[in-house]
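Read from first to last, the chains carry the letters A, B, C and D; within each, the first residue is number 1.
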Amino acid sequence: GQPLLLIGGPCSLESEQLGREVAETVSKICKKLGISYVFKASFDKANRTSISSYRGPGLKKGLASLARIREDLQVPVISDIHDISQVGPAAEVLDIIQIPAFLCRQTDLLVAAAKSGKPVNVKKGQFVSPWDMENAIGKLRDAGSDKVMLVERGACFGYNNLVVDMRSLPVMRSFNCPVIYDATHSVQLPGGAGGSSSGQREFIEPLSKAAIAAGIDGLFMEIHPDPDKALCDGPNSIALDQVEELLTKLVKVRAAVEE
Amino acid sequence: GQPLLLIGGPCSLESEQLGREVAETVSKICKKLGISYVFKASFDKANRTSISSYRGPGLKKGLASLARIREDLQVPVISDIHDISQVGPAAEVLDIIQIPAFLCRQTDLLVAAAKSGKPVNVKKGQFVSPWDMENAIGKLRDAGSDKVMLVERGACFGYNNLVVDMRSLPVMRSFNCPVIYDATHSVQLPGGAGGSSSGQREFIEPLSKAAIAAGIDGLFMEIHPDPDKALCDGPNSIALDQVEELLTKLVKVRAAVEE
Amino acid sequence: GQPLLLIGGPCSLESEQLGREVAETVSKICKKLGISYVFKASFDKANRTSISSYRGPGLKKGLASLARIREDLQVPVISDIHDISQVGPAAEVLDIIQIPAFLCRQTDLLVAAAKSGKPVNVKKGQFVSPWDMENAIGKLRDAGSDKVMLVERGACFGYNNLVVDMRSLPVMRSFNCPVIYDATHSVQLPGGAGGSSSGQREFIEPLSKAAIAAGIDGLFMEIHPDPDKALCDGPNSIALDQVEELLTKLVKVRAAVEE
Amino acid sequence: GQPLLLIGGPCSLESEQLGREVAETVSKICKKLGISYVFKASFDKANRTSISSYRGPGLKKGLASLARIREDLQVPVISDIHDISQVGPAAEVLDIIQIPAFLCRQTDLLVAAAKSGKPVNVKKGQFVSPWDMENAIGKLRDAGSDKVMLVERGACFGYNNLVVDMRSLPVMRSFNCPVIYDATHSVQLPGGAGGSSSGQREFIEPLSKAAIAAGIDGLFMEIHPDPDKALCDGPNSIALDQVEELLTKLVKVRAAVEE
């Protein structure tokens, strides 16, 4: 079968130095474990819970850093866009363009991303059923894109809570596209800390193992050297020094499923 | 107390003629019943379920029609925007700018709308708790807006279904802003018809009465002369010739609550 | 139309004296307001969250107290049963037999209650859809009962939370049976206080008004002279001295709907 | 670590012959794969959706068949009880007493089961949070039982649908009791076929693998030689001739997790 894919990095590109540190370390781990690696960091967090939340370096500075990390470390990069005007500049740098979950229904954004010619990674909205994501794929394919991936990151379950419905994984794989499990956003508690989201880091490992066993093509992980000091999504990020141990376990589960 | 507010019109501005017909008829009914009326129609449906769905007349043509309806019928108009670039042109014509539910977390869009100086009407995302909408208000107020309204339009309840949690109405009113109940989108079944959404028109009346009784400042309704032929949201729209009867009942309930 | 029905009293029959106090006061209020009144108190709380919770006077002592209250105050009484063996003794005293929500799928209990010849009031399980309650009615009617009522008391909405889906009221009324809205259990937060349930008393009034406006035949309310000292369900009970004011408001809403 | 446990058999003990066939075949498979096996069949389905549904052989005949299967095939047996009066006779035959999900809050039933001295297996109600199951364990332990198991069988997710929240597995294991994943009831669609429940057999394998990978002590499976002809829960049962292949895969996943 295909090697496992890992899309991972700090939630926000807090600094180029932070990005490099994560990309370099995770890249080595992935080579060792036979995992394909794509570095991910956001240049702008456009949908933070509160107006006072940290947002990132911005489009220009962020893409420049991503370009240097890509070039220097020879690692493909992915980031998320929030506005059609960002597609052009993003497509010049990124290997894959990501559509945030809240925006997975925005037709123009999907079409513009598809028309860039770059592969598009769409996160399933917390408010969308797995089978309805076939419509997102239809929008992308209709706009000429043949490289599409979908991400499971949890579904609304009452207020301020998400549940991962593992049925979504085989359902979305049936659309003939790679399906990624977002191991860290799925344990987020949206708005759970009042002016920001909290998270349940203790469930990253069991849910990741479960998703691997249920059958996925890749993982998405927010990774930070010091999650408690992360400027974004710290409560659900995984610590950089725990990545190798976790991936080692996950690779074993995958081998057992693929045998 | 304040008179009840009605925001209503065809989901999409299918034609200026259609808009005029609805605006004129509903305006007369509202005058008769002592209801404040704002005409609503979308110039672009940017988040339809499927790529092949009808989208509307577009920004330029749509705003021009809204401007003429506003001028000729002396009725305030509201429409929804999906991109920061639309704020400027929209603010020149509209009396109120509306933020769609899927976009209620997009900070830049909220801030741009607030900075236009126009009142902003934010629909609560199907994935957001009522108390978390205080953060949306915070973003708007921080950007200088003091005229903010919130809309309840249902919360995710499993897949392809919405539930109206009437507790949200007093919760959001406690933020000192008018709260509107969206009587027609709340009975939508998202994605319930495969490539489009279906709806449960039979629940418009009981749920509207319930919301009025629980305590709201206004209603939002998609109104069409022939809902079964509407190009958008027909299954959950109310027929133009049933509006007067429904509003008459609702005004009675409101009087009973306000006594 | 029919007069409104109120089923109300302390959650648990903590003492006969408490029951009398509530029954007498509420009975007078209901007479004044033209409401039919049925006194309700449980003789045994068989499904408390925790083993150490208070349960009540028990079958024998509880039914004896209910019989005296019924006789002395000339008020019909209802209570809930949890076991087939309780049907016989209960049917000798009670005017209506109630099936708890958790037990609404227990065929034998429903059949035994129906065969007693007494009217049966079934609470809709928090895990059952409104349309599936037609099967409960089918079980009762098949066993010869023609006097059946259904109660809405909230549906599971994530963990430790209930949502009242007001669509359930017209759905269940379509089965040609009276539908009761449980105004106090519906604002319960199951397990919300660790070893017991908590509640949101502030939502009793707006949700009751909403249910009345949506269309119901009756209300169910846990009423206690001092809810903060109640041995059961205090956090979601209404204070005895607030009942008249609330019912007065609700009667007005009902009149507005029925006009 | 401990060997995996399998609790499995036909939903209802349609006939002793059917029970024997399943018990014998599954017992051999489990021996081969190093799995501990407990035969399960219900003698009475007391909570079927509809009054006309098949219920089973009844207490006396059913327990007698279970006793013979136990004796002849040297396999432990488990069945579910619905009434305190069944505890005595059940405890004479069964190795483990099971409490159905709908009844997991019925204190007296839990206490009576615990006092029988037999191990008790409690299914988590579809309406109960994983952490609230600690109260069920408290009731059992308080009544003197030190052999308690918990079962995950899905949580309410909107109407007529269940979702398996895999977080529940580590949460319930933290109560120091074995946790079982119910592989077939979890893919049930309650009431999904009008007068009966339907199911999604295609998700049995991916969800079972996921649960094993997340970490469980055992599996629960409804197994029938011809699920399409089963008198109960056919749509979510697994075919007897597919059990070995599935368990072989699951044992591999478990080995990968335990290494």
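As a convention for this text, a residue touches a chain if its C-beta (ideal position, glycine included) is under 8 Å from a C-beta of that chain, and two chains touch if they have at least 3 such contacts.
All figures in this text were calculated on a predicted structure; none of them were measured in a lab.
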Intersection of contact partners for chain A and chain C: B, D
Chain pair with the higher count of C-beta pairs in contact (A-D, B-D): A-D
Distance-maximising chain from chain D - centres being C-alpha averages: B
Chain copies touching (chain C, chain D) - same or different residues, decided at half shared: same
Distance between the centres, which are taken as Cα means, of chain D and chain A, whole angstrom: 37
Chain centre separation in whole Å, for chain D relative to chain C (CA means): 33
Length of the line joining the C-alpha centres of chain B and chain D, rounded to whole Å: 48
Interface hub residues of chain C, defined as touching at least two other chains: 155, 157, 159
Interfacial residue positions of chain A with respect to chain D in the complex: 155, 157, 163-167, 169-170, 200, 202-203, 206-207, 209-215, 249, 252-253, 255-257, 259
In the complex, chain B residues that touch chain D: 157-159, 161
Touching residues on chain D, where the partner in the complex is chain C: 46-51, 55, 82-85, 102-103, 105-108, 111, 125-132, 135, 138-139, 142-143, 155-156, 159-160, 190-191, 195
